[in-house]
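Consider the two complexes below, in which chain A is the common component and chain B and chain C are the respective partners.
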Partner chain A sequence: MSAAGRLRYLFGVHIAGRAALRFERLRSEHKMRSRESWRHRHLERPLDVSPRLKELISRHYLTGRYANGARKVAWVTSGAPIEVLTALNIFPIYPENHGAVCGIRRTAEEYCKHAEAAGYSRDLCSYARTDIGSILSGKTPVGRLPRPDVLICCTNICQTVLYWYQVLAHHFGVPLVIIDTPFLYREAPSHAVAFVKNQIEDSIPVLERIAGRSLSHGRLRDVTRMSRDACELWLRIVESGRMKPSPITAFDQFIHLAPIVEMRGHRYTVDYYASMLRELNTRVGRGMGALKDERKRLLWDNLPIWFRVRWLGDLLAERGVSLVASTYTNAWAELADMIDPERPLDSCASVYLHPILNRGTGHKLETMKRMIDYYEVDGVLLHSDRSCKPYSIGQLPQRESLSSEAGVPALLIEADHNDPRSFSEEQVRNRLDAFLEVLGV
Partner chain B sequence: MIEAGALGLDAGSTTVKLVAVDEAGTMVWHRVEETEPDLTSQVEELLESTRKLLHRVDELPLIATGYGRGLVKQAGRKVTEITCHARGAYQWSGGGGTLIDIGGQDTKAMIMDRSGAVTNFVMNDKCAAGTGRFLEVCARRLRLSLDELSSTALSTETEVSISSTCTVFAESEIISLIAGGHPVPEIVRGLHRALLGRVGSLARGAGLRPPVMLSGGVAQSRAVRMLLAEELQCEVKSFSEPQLTGAYGAALLGLA
Partner chain C sequence: MIAAALPILYPRELLRSFGVLPVELWGPPGTKTAIADRWLQAYTCSIIRGGLAFLAGGGQDHADIILVPHGCDSLQGLGSVLLDFPVLSKPALSFYHPRTRSRASVDYLEAEIESLAEELQKITGREATDALEATIREEEADSVLAKLLAGRLQVALSCRDYYRLVRCREYLPAEQFTALARPWLSSESGPSSAMPVLLSGVVPEPSGLLDALNEAGAVVVADDTIACGRRLTPEGRDQSAYRRMAERMASAPPCPTRGASVEERSRHLLDLAKRSGAKAVVFAVVKFCEPELFQLPLLKTALERAGLRTTILEVDVTEPLPQQLKTRMEALLETMS
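After this line comes the complex of A and B, so read on.
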């Protein structure tokens, strides 16, 4: 780390950057307040906290932009145990979240093609292709991504990450820490928890060496507490979808999910979600839904179709259909009570073993059935995501089980979370129209 | 001049069907044309031509369905093929069951309850495997009409196993089989078997419930009906004008 780098970081992030982002947020808030009336025919006005979300995400990528030379950087998978990293002040970059940003900003296809031209198969996950294509082309919609000093790959979401991160390690020539999480068919056996805990413990000296400081267990406890607090708040946020009308849709959750993934373990994330929950409670108290006229309620399974979030949201909203819950956003909420700040490493091992993607398809079916009852939904949209095989496997029999056992119809939508070439608008619209007619919309 | 109560227009990927029903729900007139690239003009001309045949055409409710329904600006309502096919089939059959529509671009299996309401449906995935287009492409490659394709398939008891239901790959597989000296009837029967195997899986996936009804232009093929019955191991019924089921259902929805 250099003095010049630190100065650049201090000025770019903490002085000029922070002031500019704050100004931008205040401007957006003023614009929202001064807007005479919200004119969307079907959707209620956005949450007042939305400009703060934009500020948080922008600050995250701005920090990344100036991080090299001032802070150590880790590129991590979405399910990586980052509490140790945060306690060591290592800045995390999530290629999957960056991929989602590229998807929303419609640049992912270009990066995917770049990766394919370099020899990566189109059958490879579109997040991986987006990331690799972005690195090879040097393009990103977020300005600049910092070079990693270390890579953390946790296999609790898929096996693709294992090979993807090996490619990154080879490209950047930096150490790769792998946290292998045995697949769970039921609750985690104690030896599996011990196995993961040992790997996290083994990673600590490596990370300490990179960070140039020792891990403070007090700091780790504080970070873990913040993680738990944020996850608990997120749980209450997603559970507010139970209200009728629901004050939030899964489309809103997809966007407001960013801090719980990228910024766990920070006070500002906890504060942000506390404000968001307060606002949702106020809306519930006023009987205000996310839709002006909620007539039907649906559950979403799998990742979003990032490049069509608004299109799908508008299509459903204009028919009075609210997507009140999703298994995807629920994944960062359902494990909140497992996080124990007094036993940070043990609970960390347990939490990172239990994501929905590291458990059997039977568990996912049970989760969906529970959510169908809890959120009182009329149907389920199953996104068969060409890129995410672990999430999509089993959806055909699950669709039948939801219909025959849970008594709600389910529709399979074939698409991809980031590659628009695997999406046919007419086909999806036609199926959705038919499904909504079956629901009586 | 014919007195009609409503019109139903099914703008499919292969053909455009226009049906008129009277107030009692009986089909009193229909027309089928191949779909043209400029569907908007085609629909305008089609409706114009009905003015000489039907009373008060402009006052009749018009319901559009099919892939091109969004382009039918004259329609008062636009409804998906699922609802329209089910409505038409229910009117003709008087009960529930499984309705299979093998269309030009996609194949659908619908489960209907006793009142004719659709309780579940499944459509084929994005590609044209298992759709009417598959048979159309194969017929063209073999230089047979669609009617000849059916009689050719039924002219033999033996068949060649076709590994691909991909419309594009099947074409090259046919060329290889012909070059390998296999008789055309055996190839044609094998093609039907491959297509209907896929349709059968789709119907079972939807929760197959007898009786099984077949709609869409492909239902006119005797070979398809017979071999689908073998595949599903149950009787497969069809209607006198299966191709018009969607347009007829659309017209009936206009009466409601």
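After this line comes the complex of A and C, so read on.
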């Protein structure tokens, strides 16, 4: 790490960057306060904390932009055990989240085409193609991504990340740390927990060498505590969808999810979610829903269709349909009580083995049934995501069971989380229209 | 008892020690996959859709157990669906092979083998017998298979017939395979003028692919397919049967389904090409197979840099080989002749 790099980092992130982002946030907050009337016909005004979210995300990518030369950087999968990294002050970049940003900003298709021109099949995950295409083309909507010093790949979300990160390791010529989490068809066997813990322990000396410092177990405990606190707050936030009307939709959750994925283990993330929860509680107290007229409530399964989040949100809102919960955003909440700061490595092994995507199709069905009851939904939208087989395979028998056992109608929507070429707007609209008719809206 | 086994990361010897014969399902070719539409999306590969369609369409009547090892996200999904939903009437089992190679992985693998043994005990109602002997019999069969694959040009068979022999390993008891294949090791054939190629990818299917290779003037001299070359596991050393099975599985040739890197695979392919004299590499890749598809661009570059020609044939194992792919193979070989 160079003195010049540190100076650039200090100035770019902590002085100029922070001031500029703070100014931008204050400007947005002022604009939101001074706005006389929110003009959307069906949606209530956005949450007041939204400018803070934008500031947090922008600061994260700004930090990344200046990180090389000042801090060590790890590119990590969304389900990776981040607490050790954070305790070692290694800065994490999440290619999946970057992929989602590219999807929302509508640049993913261009990057996918770059990857395909380099020989990567269109049948591969569109996050991976977006990321690889972004690297090969040097383009990104976030300014610049820092070069990684290490890659951390945890297979608890899919096997795809393993092949994807092997490509990254080849490209960047940096170490790849794999945390292999055996898939749980049933309850976790003790040998699987031991295997994961062993790998996490083995990764520590590697990461210490890269970070140039030793892991402080006190610091790891503090980071783990803040991860748990953030996850608990996030749980209460997603559970506020239980209220009628719901003060938040799954579309809001998709956007406000970024800090719990990218910034777990930090005080500012805990503070942010505490503010968000306060605001949601205030809205509940006033009987204010995310929709002006909530008539029906739905559950969402799978990743969002990032390039059509707004389109789908508007389409449902104009029919008075609120997407009050999603299995996807629930995934970062449901394991909160497994996180134990006093046993950080043991609980880490257990927590990172148990995400919904690392568990069987029957477990997901039971989760959906519980959510149907808890959130009192009228139906389920299952996004059959061409790019996410672990999430999608199983949805066909799940749909049958939801109808026959849980007694709620479920619609399968064929799409892709990031590649618009695998999405037919007309087809989805027609199927949704028919489904909403069945629901009586 | 018969176990219908989907590909491929499972210990054959363990099943044999419980008196169960694993018969592998790679498609099978010609299966009408529409019946699988009820449970699997269209973007699941033809091996998995074909396997399920075959079983649900009556194939399960010939099996007592369905074994779905975890080799990729799609196999994971199929295994999970079979365990959690009443799709088939026969009991399903799963098996997870770790994606890393370390002492901890071998420990995990040994424990996973023990877990599978407990499941097999429940289903068969018997204890494992002669597990070490069963392992040694599988080792002998693998040794014969390795020699058969290394000495392809000594075997005077067409590619189709040669693979018919090689792929008996997928369903014959080890001792029968050894007895059937061993005589071919001492056979001799005259010099071949055919273009030597290395076949990589998933499985040598559809079999029209092998005919097309022969017709185009090529012969497969080395194999790196998941179904054949990558199943070869060396002899173990440990005298504890389960530990030995785990050591063997962990020492198989590099394969992305077990977490092998691009570098390991390119080294292995270059070594295979050098030893066999192959001049080109044909990748027979099943559509939607992520483990294979991800590494192809980098492997292709590494092989071509070393002077090998390559071509990628994306196939559906339940359908005949399309004319377009035959033409692509012919074009590759024409440019080399």
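By our rule, the second predicted complex is superposed on the first by the 441 of 441 C-alpha atoms of A that agree within 3 Å, B and C clash if a C-alpha of one lies under 4 Å from a C-alpha of the other, contacts with A are read in each partner's own complex, and residues count from 1 in each chain.
By definition in this document, contacts are C-beta pairs under 8 Å (C-beta built on N, C-alpha and C of every residue); 3 or more make two chains touch, one makes a residue touch a chain.
Since the structure is predicted, the reported quantities are computational estimates derived from the model, not experimental observations.
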First (chain B), second (chain C), both or neither: which does A:434 touch?
first
Applying the document's definition of touch, where does A:158 land relative to chain B and chain C: first, second, both, or neither?
second
Of chain B and chain C, the partner touching more residues of chain A is C
So, does A:396 touch the first partner chain B, the second partner chain C, both, or neither?
both
State whether A:182 touches chain B only (first), chain C only (second), both chains, or neither.
second
Applying the document's definition of touch, where does A:424 land relative to chain B and chain C: first, second, both, or neither?
first
Would you check which partner chain A:404 touches, where first means chain B only, second means chain C only, and both and neither mean what they say?
first
Check the residue A:314 against both partner chains and state whether it touches chain B (first), chain C (second), both, or neither.
neither
Intersection of chain A interface sets (partners chain B, chain C):
396
Complex contacts: residues of chain C adjacent to chain A:
38-41, 43-44, 70, 72-74, 76-81, 83-85, 87, 94, 96, 98-100, 102, 104-105, 107-108, 111-112, 115, 256, 259, 261-263, 287-288, 290-291, 293-298, 300, 314
Along chain A, where are the residues that touch chain B in the complex?
396, 400, 403-404, 409, 412, 414, 424, 426-427, 430-431, 433-435, 437-438
In the complex, go through chain A and note every residue touching chain C.
118-121, 123-125, 128, 155, 158-160, 162-164, 166-167, 169-170, 176, 178, 180, 182-183, 185-186, 189, 191-192, 194-195, 198-199, 202, 360-362, 365, 384, 386, 389-390, 392-397, 401
Given the complex, residues on chain B that touch chain A span 67, 79-83, 106, 118-123, 125-126, 205, 207
